[in-house]
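In order of appearance the chains are A, B and C, and numbering begins at 1 in each one.
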Amino acid sequence: MKKFFLVLMMVLLALSPLFAGGSSEVSEEERAAMIAKADEGLDEETLAFLDGKDFTGQTLVVGVWGGVIEDILREYVIPPLEARGATIELLLGGTGDRFSKIYMEKDNPTMDICYLNMYECQMSMRDGITEEPSAKIPAYDDLYPWAQIASYGVSVMGLGIAYNPDYFDAPPNWNDLWKPEYKGKIAFPNYPGSEGDAFLAIAARVAGTDEHDMDKGFEKLRELCPVPLVYTNLDELFMLMDKGDIVAAPVISGYAWTYIDRGMNIAFSWPTDIGCVKTMDTMTIVKNNKHPELSDAWAQLAICPRTQKAYAERIYFGPTNSEVVLEGEVADRVVYGERVDQLVDLDWMYIIENRADWTHRYNQDILEYDGN
Amino acid sequence: MKSRHAFYLMLPALCMLVLIFVIPLFFLVAKSFQAYVPGTLVSPPGFTLENYINLVSDPYYWSVYLRTLRISFVSTLVILVLSYPLSVFISKRKARTRGFFLTLVILPMIGGAMIQTMGWFATLMRYGFLNSVLLAIGLISEPITFLGTELGVEIGLVQAFLPMMVYPLTSSLLQIDRDVVDAARTLGAGRFTVFSKITFPLTLPGVAAGSVLVFMACLTGFVTPSSLGQGKIQVFGTYAYQQAMQVMNWPLSSSFSIFFIILIALASLIVSVVCRKCAERRGR
Amino acid sequence: MKEKKLWGNINAVVALLVLLFMLVPIIVIFVNSFNSSQFFSFPPEGFTLKWYERFLENREYKTAIAVSLKIATLSVLVALLLGIPASYGIYRWKSPVSKVLSSLFLSPLMLPGIVWAIGLIQYYSIVNLTGTTAGLVAAHIILILPYVIRLVLSSLSYLDFDTVNAARTLGATSGKAFLKIVLPAIKPGVIISAIFGFMVSFNDVTISTFIAGTKNLTYPVRMYVELRTEGLDPLAVAVSAVIMAFTIVIALLAEKFWSWSKYL
């Protein structure tokens, strides 16, 4: 019986790499055909950059958000790299966990590409954890100036209001969320997190100040309590909103449209009283990573027009690449053109410095809300 | 065997334990006496009691500790109540069947906390399995909110840790001499008398062992309260995680957990002393 | 007699209800893994195998399961190599020192995992073990070791040591006596601690969430992160169902061949 057991263990060990799926040998022609198919619609610049590259045997680990973003990456960024022999592993999740991971693995990074939000990348570059963006990626020069800061900006969105139209006569402004009939029906974003920070800042602005006077912000936010849901995933948020258990929530612009297109009873409002808070998804290359060439190829593909256009058309995330031209309904739904300039910028560095304190207050004032 | 030889046999395991278990605990203690600087993992040199002073003086931490204790207490009590009939039932089966049932009981533990949590998530969602069933049979007219409430967390904890009680309880039930029970019954003792005078007292050691295990597990659970509490129910485990991994405030998370351990140790010391005193008095 | 039967029946009904309660999440997972709807729905909208197909195509979950299998196997092997001699040492060396050492060996069971994990991330970030296979395996060994030592010690208590002495008198070396007499005697303890330890390591979330890197993400950690950020992914439900099915088979086999429930 002991022998049986040892054999079982051996089998398990032997099985584990098999399980991961080895790549089978492909012929020269097959590979060329795969590359041609995967590259369809790519611009000249990107094609030239990728030309002749062979990533066989390399595995790139990419930390990124899941859901609709994952779908885009699987369809537009990953195929050209896999056709060239690379293996891509996505690590899905929120930026918070990812961000702490790259700090802890500073000397020995296991992640190659890390998607962050617009202030995390400033910190990580300052601390020498992620690379400074540069024109070694050809598409870098095509990025709008505000998308070149500390990272390669990938998409720009505004934090607006997703709502159930049965409960609102007109698209709501931020102020409207504080109407008494909505008390206890507004979902909050998770905290700490960029949407959470932005919503705090908005509360402060509704109270007449801004993020530098957060006492007012917390006081104002408490008026919305109790919190029916602290949302960490959108499926759940929109399902509850569709059924009317939640009437509205601060949500990043692109996300809501996807669910509206799925036929849910949801609408999205671009508030005009304070405006939408600008948020940007950014991509960073982790310093000292093991596959610099493959990382650069990923970066180029991530910000090239084909991918950027897909972001806009498929999931309504605003382009950061100035080469991308949008029209019609898409242009109306994404942050694009002059809408970019209307977005509200927050003092993120100040917010970061205070995050530990605010997390404490959020735990205390918002989550522990007991009606007083 | 010479003691030297025996020690050599233990040495490799001992080294491993010291390297990976004991030394990190020293790091934990050391960090808890350092200051936190926002935005970095490096603490300035020097020794500070600030973290602990904060913990004692801010009522928020006490409220987290208290909630943790309350949830654990309720869960342990429910586990005790639920595991008794199950253990009695199992202990009365024949050896083979008993093994089968005991295997079923342990499934939630060996099946992995994550899978159980995911199952509960689907069950307890607002439009999940349980609400659908309750609505369909007309027991409720509005879906009940389970996720993000203490009730939801307690349901998850009860299921996760019930095996820890059923096992010791079943084994102490099996040790009860059937003859004693039968004798009592023949002498005319009622069912409840037998239970309260014989069965229950004899299973007390099992109950105590199980309760301690379950209570400790509930106190320090992390996956269940984090997933089923949805970030709204802050207990010891979720707060320690938030501070360590999301805010990266390692000094606070270190002192927060050490302080909790000390509180638990003190509490259990007091309880055991009181129990011993009570037992002595009754013995007299 | 009638009354006794009635009580027995009531007891059986209540007990089976409790058992049902314990198995609710597992049943829901199984049923819903065949649900054709993208979102959770009950009753299920339709029958489908597409989530299982998606699982077979999904590189991330397959990699994660491979990592979990590798880590669990290595940890169990090393924990047995460390734990069996250590238990034998404790068993043979009847002195207060060995009492202290044995409770030291069991102490990881007493200290909450999360507290240790917070120390561990700080230590690992200094010795550069964060996210490495070695780091994960080392931590999992500590998780498993107490179970190995406890179970092997309890099998050792059934060992009649006179047989070992007899073998020694007849000229067997101590190593040979250990292999031929002691090891067969503690076999059940070894096997069961191996199975149980494997499950503990394979399913651990708490410790691994803190120290798993991105390269060595075990499957429960991936599942945890996704449940928190992406909600209930039908793909993850299908993965859970597959793993749960394996777990049930292994548990029932372990019961059939080694009646393991007696030892746990």
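FYI, contacts are C-beta pairs under 8 Å (C-beta built on N, C-alpha and C of every residue); 3 or more make two chains touch, one makes a residue touch a chain.
Just so it is clear, the model here is predicted, and its values are computed rather than measured.
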| item | value |
| --- | --- |
| Chain contact graph, described as a line, ring, star, complete graph or other shape | complete |
| Pair of chains joined by more contacts [C-beta pairs], B-C or A-C | B-C |
| Length of the line joining the C-alpha centres of chain A and chain C, rounded to whole Å | 35 |
| Mean-CA-position distance for chain C and chain B (Å) | 17 |
| Multi-partner residues of chain A (at least 2 other chains) | 97, 104, 232, 236, 239 |
| Touching two or more other chains - residues of chain C | 121, 124-125, 228, 232 |
| Shared interface positions of chain B, touching two or more other chains | 41, 125, 127, 245 |
| Residues of chain B that touch chain C when the two form their complex | 1, 3, 5-10, 12-14, 16-17, 19-21, 23-28, 31, 41, 82-83, 85-86, 88-90, 92, 95, 98-108, 110-123, 125, 127-129, 132-133, 159, 162-163, 167, 191, 216, 219-220, 222-223, 226-227, 236-237, 240-241, 244-245, 250, 253-254, 257-258, 260-261 |
| Residue ranges of chain A in contact with chain C within the complex | 1-2, 5, 9, 12-13, 15-17, 19-21, 61, 63, 65-67, 87-94, 97, 101, 104-108, 110-111, 232-236, 239 |
| Complex interface listing, chain C residues touching chain A | 39, 59-60, 62-63, 65-67, 69-70, 73-74, 76-77, 121, 124-125, 128, 130-132, 187, 190-191, 194, 213-217, 222, 225-226, 228-232, 257 |
| Touching residues on chain C, where the partner in the complex is chain B | 7-8, 11-12, 14-16, 18-19, 21-29, 32, 40-43, 81-83, 85-86, 88-90, 92-93, 95, 97-98, 101, 104-105, 107-108, 110-116, 118-126, 138-139, 141-142, 145, 149, 174, 196, 199-200, 202-203, 205-206, 209-210, 220, 223-224, 227-228, 232, 236-237, 240, 243-244, 247-248, 251-252, 254-255, 259-262, 264 |
| Residues of chain B that touch chain A when the two form their complex | 36, 38-41, 60, 63, 125-127, 143, 145, 148, 230-232, 234, 239, 242, 245-249 |
